[in-house]
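Going by the order they are written in, the chains are A, B, C and D; count residues from 1 in each one.
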Amino acid sequence: MPAPKVTTAEFLDIVKVGLPQVADWDVEIESLEFGKGSVILPYQQKFLRPGGTISGPTMMALGDFALYMAVLSIVGPEPMAVTTSLNTNFLNFPTAGDIRAKVRVLKAGRRLVYGDVEIFALAGDPDLCVTHITGTYSVPAKTR
Amino acid sequence: MPAPKVTTAEFLDIVKVGLPQVADWDVEIESLEFGKGSVILPYQQKFLRPGGTISGPTMMALGDFALYMAVLSIVGPEPMAVTTSLNTNFLNFPTAGDIRAKVRVLKAGRRLVYGDVEIFALAGDPDLCVTHITGTYSVPAKTR
Amino acid sequence: MPAPKVTTAEFLDIVKVGLPQVADWDVEIESLEFGKGSVILPYQQKFLRPGGTISGPTMMALGDFALYMAVLSIVGPEPMAVTTSLNTNFLNFPTAGDIRAKVRVLKAGRRLVYGDVEIFALAGDPDLCVTHITGTYSVPAKTR
Amino acid sequence: MPAPKVTTAEFLDIVKVGLPQVADWDVEIESLEFGKGSVILPYQQKFLRPGGTISGPTMMALGDFALYMAVLSIVGPEPMAVTTSLNTNFLNFPTAGDIRAKVRVLKAGRRLVYGDVEIFALAGDPDLCVTHITGTYSVPAKTR
């Protein structure tokens, strides 16, 4: 397995510009390898929706963040990688608290990178997938 | 075609509680019929992402808002309708400015309601679909 | 609107090689324009599944056929256009009988073409969408 | 982990009626546990498409078969479980030869069961996912 082609610091710099909404959420990168990784979103009350559960848009944004990180771990620090599709399935209501997103790339083509993200709520059953996301990024030709 | 089972005012009240992030975006409901409608998101600079285009999370949230409205137009003012899946395809970069979301329900079952949303950027080509969303809501059994 | 870049006859020739399973179904092309069209699958008993309804794989194959046709109407007779994703939502049970698929392209990029397909069962309510498909084709760079 | 609620023999009997197209493909069930399993499709020339690769419809049908099996392993021998959505991403061209589908259920609700399927081509790189499928089955209320 090659080393990841983006460092944690490089990725967080790119996110500050490219995903400003998420950039100030203080997402913690637990692990980052070539084509996979894990991140934790520390709980904030603003992520709640009625019923005491984490909102859908929060999880979609976190999933997109995690997928972006895994894509750049393969193609390098390329801000112009963009999401072309993001398919989200909301499976269980996440308990209020920190949430973890685990991402892996399943296909890294020259132009399209595809992966999935599993999201877990650490304050509930930490092994129960609450949301499952699949998505594709388009990568500029020059970056490979 | 029956009348919509939720009024604009009732829907906006539900959104204040259920989708607080969107509730303060001043989304304007252009039309609301039984199972379909159209909404406009007035431009704010905070919706931008680098490149001068509207961000993906903004469009996903708007699409979810529009689909929720169309679902309630069929099932009535039911706050506990929840998204079970939301599949987003980002097709073209939306020009900065107001965006319109047109929604229609394709299947209204007893428990699942499915529809799609087409999003247009009014400052660019107003007939060019920039984002296409399909989604399913789950409706509590008692509401039908 | 430009003329379609593939003729009905050219498309059916490509299908004979590229989609042999569907090629002998005698699908009838009702209309073919630039980026959209309509096809009819004449009923055969082998399409049935228990319950007297048309099977899911039959509808997925028909949808893929229709999308392929709409893609080639834009890029020309290019056999190497390939499906990269096909998302199918089964909405209502189709009554046994002929089925119609209406397709439109929503985005024709240089490398990716995205569209959707609505399927109707003519022996039932001919205006009730029984299956909704969205899909993306990847097109070789040289063809544009 | 409970025992699977359907046996291999019971499942194959249900498939004979419910998925007749796949029933005569001689799919071999490698493993079947509660909510997960693995199956192998022995190669036949009729599965090929031009380019010497396994066709998309073949893989979609196999994925649906595998997901059906995993659903019944949780809900028991219920022929009326039906697919409500099937989202397929074609990632790599599978080498002609046997293919394996590995399935797992990510959410088993009272009415909806969601899972994903990874498909591998054993004659190529047996660890390279060639196709990724996510799907939802709807289960009649009485069966749980």
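Convention: a residue touches a chain if its C-beta (ideal position, glycine included) is under 8 Å from a C-beta of that chain, and two chains touch if they have at least 3 such contacts.
Since this is a predicted model, take the numbers as computed values, not measurements.
Asker: What chain is the most remote from subunit B, judged by the mean position of CA atoms in each chain?
Answerer: Chain centre farthest from subunit B's centre: D.
Asker: State the pair with the higher C-beta contact count; candidates are A-B and A-D.
Answerer: Top pair by contacting C-beta pairs is A-B.
Asker: Whole-Å distance, subunit B centre to subunit D centre, using C-alpha means?
Answerer: 34
Asker: Using the average of all C-alpha atoms in each chain as its centre, how far is it in Å between subunit A and subunit D?
Answerer: Those two chain centres are 28 Å apart.
Asker: Please report how many Å separate the Cα centroid of subunit A from that of subunit B, as a whole number.
Answerer: 24
Asker: Of all residues in subunit D, which are in touch with two or more distinct other chains?
Answerer: In subunit D, the residues touching two or more other chains are 84-85, 87, 89, 136.
Asker: In the complex of these two chains, what residues of subunit B are touching subunit D?
Answerer: That would be residues 84-85, 87, 111-112, 136, 138 of subunit B.
Asker: Inside the complex, what are the residues of subunit C that reach subunit B?
Answerer: For this pair, the touching residues of subunit C are 87, 89, 91-92, 106-107, 109, 114, 116, 118, 129, 132, 134, 136.
Asker: In the complex of these two chains, what residues of subunit C are touching subunit D?
Answerer: Listed in rising order, the residues of subunit C that touch subunit D are 17-21, 49-50, 55-57, 60-61, 64, 79, 82-90.
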